[in-house]
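Labels for the chains are A, B, C and D, by order of writing; each one numbers its residues from 1.
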């Protein structure tokens, strides 16, 4: 309402300053006002998109217009289902069966006889096995450490980069392309290449380290370092992911709010921590959420770098699941493990959310 | 956004250059390896006479279908990205702006999230069955469908965050002025979330481009994608680092190009919707 | 005492010369309005004073201090944005007190200042709300309050009322003016609405295409517009422009009738644009201007009569509600001493 | 051997095939008649190019089409499972499955015994059986040819050999070691980290360490379980012999290995040989050709092979067989099965195997090993291979094989990096294995735990 009223008087300026190139901009100047309302009348007659809109105005035949109109009327009346429908359809088609399948498998033990699957109910024994599964517990702990460390570091770096790049005056697009190069590489290549870089005898990392006069570092072979080395790779690989999500969000922030803060006396620090970060909260949450899920699913890199070793120092849940479900072909217990991983992910995310809210409140 | 001046600007530029270097250096290193013979890579030699041997092998050896793999990947990633942007953005808009019953919205979002958490290992078996039953096995179409589904959760959640950042009243004003919901969406909201749309598009593209587990299972040699091809260089006994580096470099180039033009396409499409 | 001084200020966007040679002196406590059509550079100028845009050339000083290279926060100013730019994630109270929070003002003082501002603006009931739960007018007041709380050297307003509906706008106009009188703070106000400019300003600066066209009090601008642009921009309904001639005798000829003219004219004989304010017409049987009435707008206190005359649209403003009918032929005369003469080529004032 | 040689080696292989096929075609290649096209699943591996060359040769000789479905190594298992499990006709007619996973397909009844398809099918006696790798006794649930059916044959016979630097040995006057103690004695002279390592063995968690440890376990006469062939799954991994073997393994690693022994995988190990840092090593024969390629190796012509060391002088070396198996899915089409059998028969002929070896594969016929190839420098490993063959043992011929590999792979690795003592590692491994067999309802038991 308000905006519309505002536009009646100063429309074009309003849009100029709020950098919104929207159809309303037309309403500003008197001359164009007529065009705008013409256009909006075309909308009212039933044009769902600009292209249709143009089609409409150029369409000679009123019959054609009516036909188009009734289709779009229908579209508009049931817009909810037209917008959400395709997604629901896709999910029904491709996710329901796999999920039900996993759930059923989790309660069974499955083996093969004469080329046929034989299912047996084995929920209790599977659960008992899970209860006593030490490796899974170790893997869960490692995954949690891995997820906390990598997600926190990546969020901090990604946010910093997003804000820095958005503060640049030019070459933003170039920087965005440059900074997302790591996620373009296939994970299998990332694992192999970093393994080469970490190589104790020949790797570039140790070339640098010894070049600086230190002893070569046993990046992947030492139990205390292996997890850290793997986290470094993860940070390198996935910081661009966070950067990309947050950069888009920073670019979408209302400029004037930040300008107002600058006039109010905010320093860079204040603007970042009191304005930008709170405003980015939705995007930050989404980035953290999906990064966490990805961290719980991490596989290729660790598989190629350490295979979970040495000992169990880099054993993570997905690696263990691979062993059980895939290598050892324990379909039932493996399915239960994947449910356990999902549960763990959810619990982990909820805890993270709690911690975040708690620190915010204090 | 942030305006840096004086010292802080210098520090900012320095930090940015440093991080750009750290991020790009390993990639450059990989690119460097692609011009070396395997033994030079293994020995960590820095300066050697460059050879195109790895590229020749990746592209034209008898075993290789690399160009075909790239083409497959371009089709799969391109089509699935466009589709997931359409489906996902509509769904996100729907959830962010229309009045849905709580349980529908929450149920939908929770379901996508849980689905996103499922280890892909447990998905491929059932999918293999589904597509075999409907006779789409080893077709690119099946792969496109699965990639849309795989990337849908992230797209929906991201786009929802961006839509929620938009003030509602701009859109409401448009509707008061006679725009339909769908016009308000197309001409008002969508152009405003263009940066988000690009981010979501880039991510969906990248994830599809690099997706391995499903692509491996649902394709045959004729429909295999780039990651499947690249994985062949990581063998049971050794990694063919030179070829893998060359293949990685080769696979990023079309991805970068496609992303670049994709961005242009999105921006153009949106400005057409918004201004013309 | 000069409080804000702009000397030879320039602004370039790449090759585009957005503002050229801007010189303004603003006295302490003065309320200056920058006015001009959209795109004339007035908002840019304000943002340069605020420190949100770089200054390409010249100097800006506030309270005797050159501020060219200072950050906005170091300039001791407050600004009210067109879109209010309220912090959407902070409640009203924190929005009001945010600048104090940044200055690390003691909690008690800050609360007092917030309470004070809230009282002045009638925001008490809304302190615990988020901006999204406020109406447009309330948001506007919060934006004002945010400025007040700071007690800055200079208030900057960037079309703060343009997002309000007409009634509220009139109301807020007096509100802003009242506040200015209460606080007696130097204010610079940007608008494209000449009514706002006329009603609020101590002094108006008219900008056109990046240049100052005229500076002066509202009445000066109204009575002696420096050129045709200002004459047309200031005043509602707009000034009538009629084609005419200056005769060798120094008399002015409109619609074939020669008039004594407004006094000394700095030009030789030739074509001229004659500006006549709608209220500077009166009915006269021997009047030079006659035409058929096409529209009559009765506002109660006064009436606007529109007619076609000498190939130009003419508007006559009459007090009260005289009985004039559409289609009637009227004959009007002008107040000779209040004529404005402009050169047709560039619109410069000739008398 | 990677695919670098595609440019270097393939032309020579093709040339060779041409010279060979033209005169020889008429008489010596097996005539298998007209067959429908078949699809063969094979992973991209060092021996892939040899296999491909032979498949092309087959097409040329017989006019029958062979489609090679090439997959990355991890894809092999998934593709076979998908093909055989989901019902319907298998898109694959002949599948290559690696040693440790093939039992799953035997036990699941997914593969058709070759003799059921073609009762006349018989492995020529020269074809190495690799200790019953291709046979399955469904009753005993064990790999044995004595009572089982022939399910498949090895497309390549991969075992581990002992490698050493001939040039260095000659210069220093060292003798090729016959026992692990001699290895250690040698390596004390050779060990000079980080310039050179005396003896390297894989220590990476998982398949790597467990496979390489079998060489020690078998040499010391240790066994995983008492008598799997006859259903006795009493866990014997914590026997005193196993303890001796693990102690020796740890001693070797400590005295001769690199600092990152605990994370040394196959790739790292081959890298150390190729770059000339490893003076003695234990590695698969499939890796050998890559030591002689100038593009991949700094020690061309300088590495020589010998049988693996034994526990004591005159003892048997511990040779764990890790051969792949080529088999035919039960749900392949009839024509496909027939075509696959035809191809298999042809593939196992001397001529084909000879060509296979020349193109970079590891042949599976003893007469090829004894042919003139043996005396060619690039096949100098063949004699060691022949010497080792009699000691070959097939490990883990039961369905829990992959799980046992993981258990051992973890515990051995923990012992190597010092997280567990040797005895504790073996006791824990035994406990884990016992629990595993127990869960599966096997007849099992445990030895008394070793003193920790």
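Definition applied: contacts are C-beta pairs under 8 Å (C-beta built on N, C-alpha and C of every residue); 3 or more make two chains touch, one makes a residue touch a chain.
Here the structure is a predicted model, which is why all the values come from computation and not from measurement.
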Between A-D and A-B, the pair with more C-beta contacts: A-B
Taking each chain's C-alpha mean as its centre, the one farthest from subunit B: C
Where subunit A and subunit B are represented by their mean Cα positions, the distance between them in whole Å: 11
Distance between the centres, which are taken as Cα means, of subunit C and subunit B, whole angstrom: 52
Gap in Å, rounded to a whole number, between the CA centres of subunit D and subunit C: 90
Distance from the mean Cα position of subunit D to that of subunit A, given in whole angstrom: 42
Residues of subunit A engaged with two or more neighbouring chains: 1-3, 195, 199, 202, 262, 279, 326
Shared interface positions of subunit C, touching two or more other chains: 52, 71
Shared-contact residues (touching 2 or more other chains) in subunit B: 3, 42-43, 125, 231, 233-234, 239
Footprint of subunit D on subunit A - complex, ascending: 111-117, 125, 129, 135, 195, 199-202, 216, 218, 220-223, 226, 306-312, 323, 326-330
Residue numbers on subunit C that touch subunit A, as the complex places them: 38, 43, 47, 50-52, 71-73, 75, 77-79, 81-83, 85-89, 98-99, 102-103, 135-136, 146, 150, 156, 158-159, 162-166, 169, 192-193
Residue numbers on subunit A that touch subunit C, as the complex places them: 1-3, 5-6, 9-10, 12-14, 16-18, 28, 254, 256-257, 259-267, 270, 274-275, 278-279, 281
Residues of subunit B touching subunit A in the complex: 1-4, 8, 12, 15-16, 19-20, 22-24, 26-27, 29-30, 33, 41-44, 86-88, 90-91, 93-95, 98, 100, 108, 111-123, 125-127, 130, 145-146, 148-149, 152, 154, 156-158, 160-162, 164-166, 169-170, 172-174, 176-183, 186-188, 191-193, 195-196, 198-200, 202-203, 206, 209-210, 212, 226-227, 230-231, 233-234, 239, 241, 244-245, 247-248, 251-252, 255-256, 259-260, 263, 271-276
Contact footprint of subunit A on subunit D as seen in their complex: 77-78, 84-85, 101, 104, 107-110, 194, 204-206, 208, 258-265, 267-268, 271-272, 275, 277, 330-331, 400, 402-403, 406, 410, 413-414, 416-417, 419, 439
